[in-house]
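Per-chain numbering from 1; labels A, B, C and D assigned in written order.
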């Protein structure tokens, strides 16, 4: 690399958290908590600083130098197959690394306070840093394979962190569930990579995209659709979309900062990132695109309805996350990738904020997670309340907060995009209303009214303080500072992409356009400000309805919810039980697999065949050894006899060979 | 070829007799000198100054009853003294005693193992000497063991360990001289010592190799089991050591071996450190007589060494065994090695 | 002057006698002595070939063989002493177990 | 001619010594027989012009290594070898194999003999101590130094093994 070439030292960005993880993981048990926290924070902060610096550099690069690719070591070179350790920075990954390191750093800071009283402090920070390493590898990867490494790595980190309280069965099971469900998605991703390699001969983004753009439309639509659908399968796994969303609610067994970082702000958006990254492929596979849109839309609505009936504060947020991810998929599905990424970014801010606030609430209540046992916390934890309020209004889509701009753009695109339809728009709009309802339901139940005591001890014992209930206290400053910062961004984050109709410039869309314009959705070309303003007003109105209903049900008339649920008993139970999807999956997949494994694979294949062969081999080895043991008599002279025999044979052979 | 063999045989015969005679009279000399040192007379009765005493002793040894105790391992019990004496006498074969001896048509050297022309020497003479010395252990070791007697065994083990230990310092002390001489041939080494330093001091290796000489001297005493290193036969502890069970001629053989070894050691010291047979030679004598003059010089120097041996015996007490070993391994050996290193450095620097 | 084959024949005979001794002797020290005999037989071959090929390398090898033999004798005899202390026998037929 | 006679004499001594080594039942006799073999071999080395090797053979082998053997024999007071059970492998595989080995050696030497080879003896150009020294401290310097390490290790090993336990 000569001097005129820019060097952004991208490799440092993932490596720094890895070093932190290694230090804490290997030596952390000898350090004091403050040292562990310092190590964890410093390396993530350094990664954030490096990301910011690299981003600033990238903005100054001429367009021809973007994407900036940094090649390091060759990794795999087998025949025509080459994968290097190389990193890829363009506008898309720039947004991602900034979000990941920025939000990640804030959540690290928050964790210092939140995890103060937990065991395994060093383990937690080591895992968190490890997660950062893999996530940054994922977003900086320059090939699908390296991306897959990060993909699997964040899965691993997620598994470790969900099961952080490994002494609790439910946590361990949730970790396993997340891991196994993700495997199904990974399977799709892998097959997609195989197909890609078979078709394009490479897994590097640059090569693949170049080859895709050169393909003629009709002849390759089939394989591109197949690849896109398989990638989508991978994305649904990671981003918790139907049908593979079931792991995410259970993942709330992990510590709350983990839920905020991994299961809300960053990791689960990997699927969206991957789809956006692969927009070249998706845009040439309209069928796949439609599937993406449908899955996103259905997931959004479906998860939102479940969210209405949940009582666990973190589960409400989990379903909200699934729902919001559905929005992002919907945006991808209508080829409005920049809208998806925009929503990804704003969602990262406000969802992280909401989770952290929820964590603060849980912290304040000493581990209580059931909203029915909350209430009236507005005065007791004011900072949390106000930040939570900002987050709630942001996610509900009230202007001028971040969620309004991003969600509004998605709804607009789902209507006007060439791939969009009115049905998608309508479902999105209904979802927006529901979102507003369940978020305000949470808000009212938690902060207003009277404090309701738990009837049966402290519900979920996730946050196992010795603190028994009554002593409600505000969280320490180290937890509140990240809340404040995230609240600020939740408020202002949307302003980077104010649509033209509202006097903005769609700057974010234009910024991402070089990467994502292949979608040909031509996001900026719609000169229909009237329609856009109309749609925006509609969605604000819908959100207000949600707010009003929530106010009515959970503030004004506390008896109403009971009556309504009694009236709709069957439906309500179904929704509260999450449509019994888990049971369905259990009956449909899990039990057959267990039966097959137990009765056939275990009893027949393993015990009957493999073990039998191994045992037979061992038995015969024993029999042969029993015979051969006689040679090993311990008698030196016998050994000498054998040696003499060997020498005679060797000499005889040599003489014979010499005569030939 | 035949002539060579005949001449060698004659030389061997003469030399063995001379050596045995010398051994016998060294015994006399020792008794006499020690006697005078202790203010006694020593042997006086047999012949003038007791000069016939060795012969009387010899007759006594031959005529005494040769006792073989029961429970000894007979073959080795008999072999051991023979081995000792044979090896002790063998050493003399490679020692050059003087220059060439002109005998009409043939010229031969005062040395059994000289080349047929009488000028050459086996070029590993010193190594042969060391080899023979190293084998000499067997005589003592086997004697002690085959006697089937605790005192004998302990004495022989001590003697063997002592000889092996000091053989190292002995051999290493000679290396300094070899480095200076650049040859293993004894004749060559002696010839290198002809001439004088600065016209005054004889060109003997004892001067540049003073340390080596003292190491050699001390090791040689230990090697021959003489006072102050005669622990193997420490009477107070071990009766008579390895030859406790021996009597008559077998005992005499050990005795002869010891004194013959003394001679060998003295000869080597003379050859390596004191210029061998070199000395002022009067030029007016007839050539045949002149050829014997170096022999006299050689004999004189050897005699001086023998005298020193006896002198030391009359003067010094005996070491303790652990002191002996510690001295050999911890002092003499490192010193000898240091001497070699310094000498080789100087030789390398000068060349 | 002696043909090379004579030396080699002698060497082979000595070597085979050493092997034979290994096979028929029971005293561990004697067996050790037989090993030395074999080493000596090999040395004879070395020296004979050295003279035959007019090359001194073989004599250097002899030197190394001797060094190894000396080291081996030191360690081997120490082992024999250690074995004798625990077993109180030198008969190899009685020393056929790895543990006491 | 003299060489040939000397060779046969000492070869005969050699073989007699080796056979005696096997025939004797007392280890000390075997050891002494080996010393005889070594001495005769030294003479054969001299016949081959390898004077240095001959001297070393006597000094190292006969004078040091075998002394060690004799010492150990004395120390352990090893008696006449006892006759324990036969080793069937040694008798029925080992000894026939040795016989075959001898046969093969003789066979190959006879084959070799047919291709006329020059007789060998001392060569005035070869075998001086200086030349061996040049080889040893030049071409073979590294192996030479390594042997010194080997000996050091052997010494330490011997001390550790032969020393009685501390307690």
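One rule holds in what follows: a contact is a pair of C-beta atoms (placed from the backbone, for glycine too) under 8 Å apart; a residue touches a chain by one contact, two chains touch by 3 or more.
Just so we're clear, the structure is a prediction, and the values are computed from it rather than from any experiment.
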Study note, to complete from the structure: Chains in contact with chain B and also with chain C, listed by label, are D
Revision key, fill the gap. One chain's C-alpha mean falls closest to the whole-protein C-alpha mean, and that chain is C
Exercise for review: Express in whole angstrom the distance between the two chain centres, defined as the mean CA positions of chain A and chain C.
Suggested key: 73
Check your understanding: Using the average of all C-alpha atoms in each chain as its centre, how far is it in Å between chain B and chain D?
Key -> 29
Point to revise | Where chain A and chain B are represented by their mean Cα positions, the distance between them in whole Å | key: 96
Review point. Can you give the whole-Å distance between the Cα centres of chain C and chain D?
Key: 6
Study note, to complete from the structure: Multi-partner residues in chain A (2 or more other chains touched) are 633, 635, 637, 640-641, 644, 647
Study note, to complete from the structure: Expected list for chain C, residues touching two or more other chains, is 19, 23-24, 26, 93
Study note, to complete from the structure: By the touch definition above, chain B meets two or more other chains at residues none
Exercise for review: Return all touching chain pairs.
Suggested key: A-C, A-D, B-D, C-D
Practice item. Name, in rising order, each residue of chain C that touches chain A in their complex. Key: 19, 22-24, 26, 28, 31, 92-93, 95-98
**Study point:** chain D contact footprint on chain A (complex, rising order)
**Key:** 631, 633, 635, 637-638, 640-642, 644-645, 647-648, 651-652, 655
Study note, to complete from the structure: Touching chain B in the complex, chain D uses residues 2, 28-29, 32, 35, 51-52, 54-56, 58-59, 62-64, 67, 70-71, 74, 128-129
Study note, to complete from the structure: In their shared complex, chain D is touched by residues of chain C numbered 1-10, 12-14, 16-21, 23-27, 29-30, 32-34, 36-37, 40, 43-44, 47-48, 50-52, 54, 56-57, 59-60, 62-64, 66-75, 77-82, 84-85, 90-91, 93-94
Point to revise | Of all residues in chain D, those that touch chain A in their complex | key: 87-91, 93-95, 97-98, 100-101, 104-105, 107-108
